[in-house]
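What follows is a set of structures to go through.
In the two complexes below, chain A is the common chain; its partner is chain B in one and chain C in the other.
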Partner chain A sequence: MESIILQLLNGLDKGSAYALIALGLTLIFGTLGVVNFAHGALFMMGAFIAVTLNMVFGISFEVEDPTRTDFLGNVMMVDTPYVVHWFGEGVGNFLIDWSVPMAVVIAIPIMALIGVVMERGLIRFFYKRPHADQILVTFGLAIVLQEIIKAFYGANPIPTPAPEAFVGSFDVGQLLGFDPFAIMYPYWRLVYFFFAALIIGLVFAFLQFTTFGMVVRAGMADRETVGLLGIDIDRRFVLMFALAAVVAGLAGVMYAPILSPNYHIGMDFLVLSFVVVVVGGMGSLPGAVAAGFLLGILQSFASMSWIIELIPGINQVVIYLVAIVILLTRPRGLMGRKGVMEE
Partner chain B sequence: MLGLTAKDARLYLIVLVMLIFAPFFLNPFPEGSGLAQFNAGYPDMMQRLVIFGLFAVGFNILFGLTGYLSFGHAAFLGAGSYAGVWMFKLLTMNVIPALIVSTIVAGLFSLLIGFISLRRSGIYFSILTLAFAQMCYSLAYSVLTPITGGETGLQLALDDPRVLGVTQTAEGNIPVPHLFGLPMNASTSLDIGAWSFTFSVGYYFAAVVFALAFYFTIRLFRSPFGLVLRAVKSNQGRLSYTGLNARPYTLAAFVISGMFAGLAGGLMVSMDPLAGAERMLWTASGEVVLMTILGGVGTLIGPILGAGAITYLEAIISTINSTVLHRWFDIFPEWLENLLVNIVYPFVGSGWHLTLGLVFMIVVIFLPGGIVEGGRKIYGLFSRKREEPGSMPPNAAAQPGPGE
Partner chain C sequence: MSFSKVSRRGVMKTGAATGVALAAPTLFTSAVWADGHTGFTNAPGEGSVTLGFNVPQTGAYADEGADELRAYELAVQHLNGEGDGGMLNTFSERNLDGTGILGRRVEFVTGDTQTNSDAARASARSMIERDGAIMITGGSSSGVAVAVQGLCQDAGVIFMAGLTHANDTTGKDRRANGFRHFFNTEMTGRALAPILEGLYGNERKAYHLTADYNWGWSQERSIRAYTEGLGWETVNNVLTPVGAGDFSSYLTPVANSGADVLVLNHYGGDMVNSLTQAVQFGLRDLQANGLNFEIVVPLFSRLMAQGAGSAIANIHGSTNWHWSLSDEGSQAFTRSFGTAYGFPPSQAAHTCYVQTLLYADAVQRAGSFNPCAVVEALEGFEFDGLGNGPTLYRAEDHQCFKDVLVVRGKENPDNEYDLLEIVEVTPRDAVTYAVDHPDFVEGQLGTCNPGA
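This part shows the complex of A and B:
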């Protein structure tokens, strides 16, 4: 029982990331009808916003520390970050410690800008082109973005710590009445899950309860009719692209402490997120979220040691196997609607 | 000739002449001159050109004719390489059985993957093939290590059985792949003045295989079967109204192109008996897509040109370093020299993938028909001047273009 709950929890954080990326992918599919292979790159750029902010706050200079001396009796030089020097001990260290949550604030405008530039500068020329061309051009863009990041940050993963307050694990087991220390779950993963749930809730609320969201949903269902009603649907769709970029970016920012970002982190997630979208049903937002969590949890269950002993390598392929089974039995995915991305 | 129309026979002859005399015209710069690094006439490079040409020609049978964009073709190349190395390990170092088995294994493999993936079309198909290729990659990297050699790759060893061959040579070395006793790495060179031309067994063997495969491809393009595949691309719905089920045809195209990839993989290990999982990575699949697009999708000559251009550029660009750049821009004043070097540097050497990505985007955005279409446009520009401006040649639409 304990191990089942533990695996369930372990699946949640990966599932959250899949769900967030798949949500953005589906938004872009549904509104613009574009297959965005560069969506993983947006996730990666989000993660690198966190890395950059952490680095920027860490920029330091050497000062003499009169209270300490080295073994020769000279005054020791100590690295002092500029933020500590400017804002004092308390605020400075707080900024450094909380760089990842702060990156969330910065990431929203940056990712929105990147999304708008991407859509206006490249994607909009591809609405009328075949899907193969869309796949190829965004694939090329993903390579370019990856290589730019690699040129600046190198090829190695860069560890980006979570705030001190979230280091350590939360004893979930005790809360549920099990023995202490039976089910330990890192705080930051818990934070990630709630963060993802919040973002998903906000996106759904935005689409469901605002006039803007209503128009967008109408546009997803029947673009032509909405256009005939005199609504400039294209302009709203640009904003949806920006929104999808922000969602992917935030997913990346918050994921940085869980998995040290490197330049191909986005592609690793993208392939799986595509599978998630396919399983959930192309064009279905609830499907994307449900399938994201489902596959994340399945993957974590498949990583249990006795299952690996039973079927070696199942943890590597379970997602793909599920995708194959779903596509063979329910070709439209779990919640796919008729007529969406059929050809 | 050989059942080809005059036009196709001309194209085939040109390709044959190119293959035979490649060691000469890929080596236009004399040895030791500053431009010698642009030479591509050494065996390793020429083999790569031919092998990737074969891979791209096979990929084009699927993507060019049926329009199904597979993002997992590297998996078949990888499967073919592994099968080839296993034949070297178990049976004999002769390359013929290795090539046959590589092709068959890749064919069976693509039959399985194609059978499932082809149930969906469009984006679904691309994603499914991508997922399958990633699955093969991660399996080859982890669980299948006894078969694939995992991270180190599958290599020959001194204690391999080699039932029909020798386990070790007389000197105690691992034997090299050969064609009935003719070693693949044997070569002879011809020196004319400052030029040195190398003719290797491996290259000419690969060229013969390529020539046979290309002949097969031309016949396939011109056959009724090829016509059905084109019909799948232009309108699958109408095809089914005529009473034809498209799926067996697309599956056949998928398997044929998978077998081409397996053959390319087999050739690859015949030249260098080492197979690694990274050959199955999605970037490798993306590269063959790019070759086909860059050359010209659906044309006969396009994939060859694209594969040649990409392979050549990769080899040249990835060897350029800052010393070479400084030598190039030597003639400029120093500040300009440094500026130019700093501008160009991120795109060369280890930055080759950045250049690749940019080329990819530029080709897809501005020249979706690739080199062949570009050539046709230039040709059209010059030939139209002689005719009435704005008037098309009477049967331009009906006639296949020069590269087709």
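This part shows the complex of A and C:
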């Protein structure tokens, strides 16, 4: 039982990352009709906002420590971060320690700007072009963004720790009446799950309960009619692209402590998220979220040792098998509707 | 601006085609290996000789690759008489005097293996065919080493393996043109088992997470054999894809598996992630079977320790070499490298530097760049002064035999490089295995191939 609850928690935590990325991907599908292969790069850029803020707070000057020697036997040079020097130990160390949550705040305007620039500067020129062109240009854009990040930050993963308060594991088991230490789950992964749930809730509330959201939903259903009503749907769709970029970026920022970001992290998630969107039903926001969690949970359970023993390699292909089964039985995906994204 | 309609089928077809096209390995159609008039592949002219450094610059082992490249550049400088000479001054042989190799200035070209066998073969082939490399060296993965070694054998150039730890490289996949200085998983098992017995006793239950390629399988096989020899039980072995990133779903079943030791047969970025995540999941705070839960990382490196941060405290593993060794050769290399780059070298850097010097010395002693002459010079070669004590390049399998280090992650490191402490230097005799060891007996060196 303990292992099932652990795998379930793990699936929810994995699924929350898939769901956040797939949500943004679907927003762009649904509004602009573009298959955005650069969406993973937006996740990656979010993660690197966290890395950058952590690095900025960590910028240091060197001070000689005559009592110690380095590996060559020379006097040890000790790094002192400027923020510690300027604001004192307490504030300085707090800034460094809490850089990831602070990155969430600065990521919102930065990612929105990146989204707008990406859409206005490149993607809008491809709305009338064939799908292959759209895929190639967004894929190309993803590679360019990756290489820019690689040029600045190198190819290696950069550890970006969560605040000290969230290091370690929470005894979920005790809450549920199990023995101590039976179900331990890392604090930050639990934080990630709740954060993802909050973001997903906010996006849905925004689309459901605001006039702006209503117009966008109408535009997704029938763009032409909304246009005939005199509403400038394009302008709203640009903002939706920015919103999708923000969602992907925030998913990336918060993921940085879970998996040290490198330039390739977005591409690793993109393929999975693409499958999530197709399984959920193209253009269906609830479908994307449901499929994200579903596939996360399935992937987690497929990694259980007795399942791998039973079907070797299942952990690596389960998502694609599920995609095949769902597309065969429900060709529009779990929640895809007739007429959406179909010729 | 009109609404662009996308068909699901169209998108999937185009996406699949794009993916296949982008992922396909580079294919080389040219098969011209050499100038037939010179007797062997890529015979150098009078002025210079070109070496090919094939290292992972991207992928899960990119950290090691970057350090390997630094070491190669340093070796080239020293061979050409620049810098402080490093290990040239401590090497038991005195054939290298800073005038290049056989009087030719050493030049080099580099390739990115991408920690991927196809990419590594393509870059090695390009360096041999296009750049005229006479010797290929490098790599941080056994999958890559075996693939490139095979290619070099067919091409008629020498392959001086970089960091490759699977038994196969000098076991079933050994080749006459290939040589390995680095130790292997059999040696790790022999060195680590007595230490694990002393620390954790004879009644342990081990759970293995294993990188799913030839090195991981080899590592798991060796550690399983030696720990089961101690009386340990292997509860489970789960294969994990290389570069998995998030190992959480493989780690969550461990706590309730009945195991009290987790063996991470991972390396590079994978080990950094799996170890960090294992600690995040609270495994080190667990009590299982009335014992403290322990984690073992059979192949440890300082670079990985740096990536994993505080998670390495009190974790044991083996390593080929460490910069804190006090012998003259190790200190000379650490000084050269540290002065040039500002931090100490890794074990990957050390083995690559040594391999370059060993190749250069072999050519010098043979008086020829002909691969068959080099093979003859290296087979059965005994040397000292390059770290690890007296070392033998065994003729039968082209494997170096030398001391192996067992290390532990420091609890309170003095600085960001002082992360591992040496627990034991296992002497060469204790890690030497018979030529007909069952895990190695399948391989055949064959005959050397000079190409051309």
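The rule is short, and it goes like this: the second predicted complex is superposed on the first by the 326 of 343 C-alpha atoms of A that agree within 3 Å, B and C clash if a C-alpha of one lies under 4 Å from a C-alpha of the other, contacts with A are read in each partner's own complex, and residues count from 1 in each chain.
Following the convention adopted for this analysis, a residue touches a chain if its C-beta (ideal position, glycine included) is under 8 Å from a C-beta of that chain, and two chains touch if they have at least 3 such contacts.
Quick caveat: nothing in here was measured; it's all calculated off a predicted structure.
By the touch criterion stated above, A:274 is placed in contact with chain B and with chain C alike. Once chain A of one complex is fitted onto chain A of the other, the partner contacts of A:316 extend to both chain B and chain C.
Residue contacts after overlaying the shared chain place A:140 against chain B, while chain C stays out of touching range.
Of the two partner chains placed by superposition, only chain B is touched by A:148; chain C is not. By the touch criterion defined above, A:189 lies against chain C but remains apart from chain B after alignment on the C-alpha atoms of chain A. Within the superposed three-chain model, A:299 lies in touch with chain C and out of touch with chain B [touch as defined at top]. Residue contacts after overlaying the shared chain place A:157 against chain C, while chain B stays out of touching range. In the superposition on chain A, contact of A:127 is made with chain C only, not with chain B. Looking at the shared chain after the overlay, A:35 reaches both chain B and chain C. More residues of chain A are touched by C (comparison of chain B with chain C). Put simply, chain A uses residues 35, 131-132, 135-136, 139, 271, 274, 278, 282, 312, 316, 331, 341-343 to touch chain B in one complex and chain C in the other. Those residues of chain C that touch chain A in the shared complex are 1-8, 10-12, 14-15, 18-19, 22, 57-59, 62-63, 66, 236, 238-239, 241, 243, 245-246, 248-250, 252-253, 255-257, 269, 272-273, 276-277, 280-282, 285-287, 307, 309, 323-324, 334-335, 338-339, 343-344, 414-415, 417-418. Within the complex, the chain B residues that touch chain A are 63, 67, 69, 71, 116, 119-124, 126-128, 130-132, 134-135, 138-139, 142-144, 282-283, 286, 289-290, 293, 346, 351, 353-354, 356-361, 364-365, 368.
Put simply, chain A touches chain C in their complex at residues 2-3, 6-7, 9-11, 13-14, 29, 32-35, 37, 68, 70-72, 76, 124, 127-128, 131-132, 134-136, 139, 150, 154-157, 159, 161, 167-169, 181-182, 184-186, 188-189, 223-224, 234, 258-260, 262, 264-265, 268, 271, 274, 278, 282, 299-300, 303-305, 308, 312, 315-316, 331-332, 341-343. Residues 35, 122, 125, 129, 131-133, 135-137, 139-144, 146-148, 151, 267, 271, 274-275, 277-278, 282, 312-313, 316-317, 319-320, 323-324, 327-328, 331, 341-343 of chain A are the ones touching chain B in the complex.
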